[in-house]
Amino acid sequence: MMTIFDFEKPINELESAIAELRQLAAEKGLDRSREIAELEAQRERLLKQIFAHLRPWDKVLLARHPKRPYALDYIRLMCEQFLELHGDRLGFNDPAIVGGLAKLGGYKLVIVGQQKGRDLKERQKRNFGMAKPEGYRKAMRLFRLAEKFRLPVLTLVDTPAADPGVESEARGISESIAQSMLTMFELTVPTVAVILGEGGSGGAIALAAANRVLMLEHAIYSVIPPEGCAAILYRDPNKAPQAADALQLTADSALQLGLIDLVIPEPLGAAHRDPQTTALSVRSAVLQQLDELSRLEPDALREQRYQRFRHIGVYEVAQ
Amino acid sequence: MQRRGAAQANSEQWVQCAKCKKILFRPDFERAMRVCSHCGHHHRLRARERILLTVDPNSFEETDADLRPADPLSFPEYADKLRKGAAASGETEAIITGVAALSGYEIVIGAMDFGFMGGSMGSVVGEKVARCFERGAERRLPVILFCASGGARMQEGLISLMQMAKTTAAVSRLHRAGMPYLAVFTDPTMAGVLASFASLADVILAEPSALVGFAGQRVAAQASPGKPPANFQTAEFQHEHGMIDLIVPRRQIRPTLAYLLEMLLPVEARTR
Amino acid sequence: MMTIFDFEKPINELESAIAELRQLAAEKGLDRSREIAELEAQRERLLKQIFAHLRPWDKVLLARHPKRPYALDYIRLMCEQFLELHGDRLGFNDPAIVGGLAKLGGYKLVIVGQQKGRDLKERQKRNFGMAKPEGYRKAMRLFRLAEKFRLPVLTLVDTPAADPGVESEARGISESIAQSMLTMFELTVPTVAVILGEGGSGGAIALAAANRVLMLEHAIYSVIPPEGCAAILYRDPNKAPQAADALQLTADSALQLGLIDLVIPEPLGAAHRDPQTTALSVRSAVLQQLDELSRLEPDALREQRYQRFRHIGVYEVAQ
Amino acid sequence: MQRRGAAQANSEQWVQCAKCKKILFRPDFERAMRVCSHCGHHHRLRARERILLTVDPNSFEETDADLRPADPLSFPEYADKLRKGAAASGETEAIITGVAALSGYEIVIGAMDFGFMGGSMGSVVGEKVARCFERGAERRLPVILFCASGGARMQEGLISLMQMAKTTAAVSRLHRAGMPYLAVFTDPTMAGVLASFASLADVILAEPSALVGFAGQRVAAQASPGKPPANFQTAEFQHEHGMIDLIVPRRQIRPTLAYLLEMLLPVEARTR
């Protein structure tokens, strides 16, 4: 399945042309490299042009792009080794949250991430990346494992929202989100969160109460899906693009508002055009944060995390 | 009592129950803390009323009353909504906080006001809640919060989502200080408030039939096969599912909180 | 519903006769006090005679007696005040385990107990006192509450077994029992367990990893129900009385084996003939233990509990 | 391979798979660690075999081999059962413990032997397990336990029930020392062992299709409405229900344990 957004169409047309030319050249043994180079230059110019003027809504589409790399893709591309661990030890094992023990550039660490599915079957299995209470409880179990064995924690956030279904409500989805944040605030090991794609409200912040919060360039982070916001604000879910503007849900906005620590650049054309390069950017950004955080004592790590979130908020003080 | 017309019901003397529609004599209704004497329906209380009904007479001292909402994203219609919320509630934000005495115990107390923008949590609510927990931790006082909220305040965008983390962090301070935190879920306690500080209390009480849940009812039903149970997202549903200690009629909230304070506070706890 | 065991029959006949005589006397206004006193003396002699020679199997029947007081009866009869708390904060609230905050003779404490039902409806609701994983998780939540607020813990044990059903298995009944014991071992507040009726294997020990373990005189405490033991040992569940002998499951045996700390005497004729007196005996035994334990420092309490269980076991050492 | 008669299958050279009944060439079968090359069935291993297949060559030093079961209740047939268990397993009790190296890491290791009275836990098993955790805590070594047990040993009455508490208490010592505890559930891991130290490991592995559960299958089915799922009380069922981290084929157990040690042990962990 291919999903081509409006703004991606001309690029995709060029890419088809390049591919055709290449095949032709190979079949006929002709040298078409000059033509190809020219088309590629054209593609590059076009990409630059388009990506220089992305609207927030374009970012929403990119963050949800079905070819965008997911948590396990990053883990595979970034880590020297990874062993997935399973289960909340309370009766459930939520496939929407993955986690385990990884080696990353000299660090041993615990990784916990939200995982969407690539094909229809996996998407259903992983509930489209919408974690249930047991997902957050699995995460907490792994956070506590990290604390016990003094391992840093990396969380990879990519979820439209926590699962809103009746079963999740019955098993305490709200409590699990709150407890997950609380557990993260109690840790005395370094913690880094990366918003990979969709940072969907409570479902995302549950895993993002970290010492450092990074965002990929085209990821979004929002208190409400733009569609939901549009339905409330304009009584029209189709006005999601306007709502996306109003919500300031892009990585740049979050950085400007002082809510995240770093924007990790994506390759030209976004992560799905070059997952390998994107993963390496994430890797080096994470390693840099870990290098910095590793200098702090356990109590200082907890305190830094506390202060980091404690001072978020914009209000006035009456005279 | 005879059923009367709405016009008459809205007079000074009479009031109509929002649930059973019976007409009630207002002085009786107020004396019953706005619980319908016919059907037991718990009508919403203003934050300030709630606090005054809960604490010892003349003991409440408001804190952080000088915090005012800003409009950091210049969000459409937000300034207007703030004005309307203030007019409707008579308050400057969706929570009132302070220190007070309850049954002689010195406490930190907060009550949310659904009348101010649906009790939604933006920067001011988050800040005042966080200060409650910090004040409790520093001064070694218990914290009691009455929740009433539709969730995070969309109009402050990601900043309001961050208030979930901020208030949760503050809870961890009180926990480490070993001071009790008691929450009372009133109608409604939802979404971003339920999924942060509200659910982290040591003991959780709720008023009968209060709406308590994560997502909107329609979203929840759409996301699930089959029909939700009849009491879905009520306090009673959450109690059955282990998330609420006790459903407590309004009249019993105060004595129940007093007993919990007596049980959980160290003997040397400050009284006044 | 009345359940009259064989050995209780003659007593019950006498009690019926006494009751009849009383009614007759009241109706006719006659003085039959001498006859009544004589019958009562006879009843007393008979009770003494019978209760002097109870076999282990008789104790099994007494421990399971449908009129035997249950945890909430003791709580009501013993405590000045009690507020029940509910829920495991993980999606469930198991009625087979009750717990809450109580005042008991000057102490503020957390009580957790297993609760059977009195009538058929309540029995089903309470699953015959067989806790599910969520019951033990509710207990753990209350144990942690006790630890945080430095409250002593009293557990009241009365269960045929932990719930063995498919759902309990799916939600981790074994893990919940193990974690409940572990949580009790980690506490630094005084803990006292009283076996009230049936101390049914893992379901019971889950709540009995305490500084002091007391048993009522006619309670039982066993690694396996005698019926199950008989099925294995004699291939005949009807030989449960013999199995009860072999298992040494009485309070006296447990005391002799050094596995419990004290046997709390029951009134003549067992607890169900005088719940009030029994409850007062339990109360004073518990208070005495709490007085002793309260002198120990937090770490010493944990250490005493550790050593108490650590040295249980009978083995030989080869030369 | 042709199917052969049972008589021939029991010869030195050939062995029959307990599950698919195929006849296997014994040297191949042993090299495959007794995993059937046809159906993948994991045949039970003796405790001592298990340890030798797991640890670095010549690194195993047995501990507490001098503990022998007593018969504290003079329980019917117990003395006889102990004799038979010893004869059947070649061991004096249902667990072997010791210290060893695994991938160079110094470890405390134990393996239960189902051949000795169904791997049941009485005083000796409880004592040896407790000493494993205490040794790990004192010497700051990780503990690895292979479980194989039907549960508590009925023949020691309440004393054997107490071993659940005793081993659990010992786990708490290791936890506080911050040393890793890894458990491997092999066929079967049941009842009193599963409901005590086995379930408390930091990471839990299991062999494919191992029976893992609390009550007997019949008891469980009787206690429940409806039919249990087809994989009820298998390692796979427990994995689906969040109680087991990973199902690991026998061949992969050793490298998986080595990776876990590397990950969870501090850098300065003792190696040899």
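As written, the chains take the letters A, B, C and D, and residue 1 is the first residue of each chain.
Going forward, a residue touches a chain if its C-beta (ideal position, glycine included) is under 8 Å from a C-beta of that chain, and two chains touch if they have at least 3 such contacts.
None of the values given here were measured: they were computed from a predicted structure.
Chemist: Going by the average position of its CA atoms, which chain sits the greatest distance from chain A?
Modeler: Centre of mass proxy via C-alpha means gives C as farthest from chain A.
Chemist: Across the interfaces C-D and B-C, which one involves more C-beta pairs in contact?
Modeler: Answer by contact count: C-D.
Chemist: Distance between chain A and chain B based on Cα centroids, please, to the nearest Å.
Modeler: The mean C-alpha positions of chain A and chain B differ by 34 Å.
Chemist: Can you work out the whole-Å distance between the CA centroids of chain B and chain D?
Modeler: That gives a centre separation of 52 Å.
Chemist: Return the distance between the CA-based centres of chain B and chain C, expressed in whole Å.
Modeler: A distance of 41 Å separates the two centres.
Chemist: What are the residue numbers in chain D that touch two or more other chains?
Modeler: Those would be 175, 199, 241-243.
Chemist: Please set out, as single numbers or ranges, the residues of chain C touching at least two other chains.
Modeler: If we look for residues of chain C contacting two or more partner chains, we find 89-91, 170-172, 175.
Chemist: Looking at the complex, which residues from chain A come into contact with chain C?
Modeler: Spelled out, the residues of chain A in touch with chain C are 89-91, 133, 137, 170-172, 175.
Chemist: Spell out the residues on chain B that touch chain A in their complex, using ranges where they run on.
Modeler: So the residues of chain B in touch with chain A come to 66-70, 72-73, 75-77, 92, 123-124, 126-127, 130, 152-154, 156-166, 168-173, 175, 191-192, 194-200, 213-216, 219-221, 223-224, 226, 228-229, 232-233, 237, 241-243.
Chemist: How about chain C: which of its residues touch chain B in the complex?
Modeler: Per the touch definition, chain C meets chain B at residues 81, 83-93, 101, 103, 108, 134, 138, 145, 148-151.
Chemist: What residues of chain D sit close enough to touch chain A in their complex?
Modeler: My answer: residues 175, 178, 180, 199, 202-203, 239-246, 256, 259-260, 262-264, 266.
Chemist: Using the touch rule from the top, collect the residues of chain C that touch chain D in their complex.
Modeler: Residue positions touching the partner: 161-175, 177-179, 181-182, 185-186, 201-202, 205-206, 208-209, 221-224, 229, 232-233, 246-249, 253-254, 257, 259, 305-306, 309-310, 312-319.
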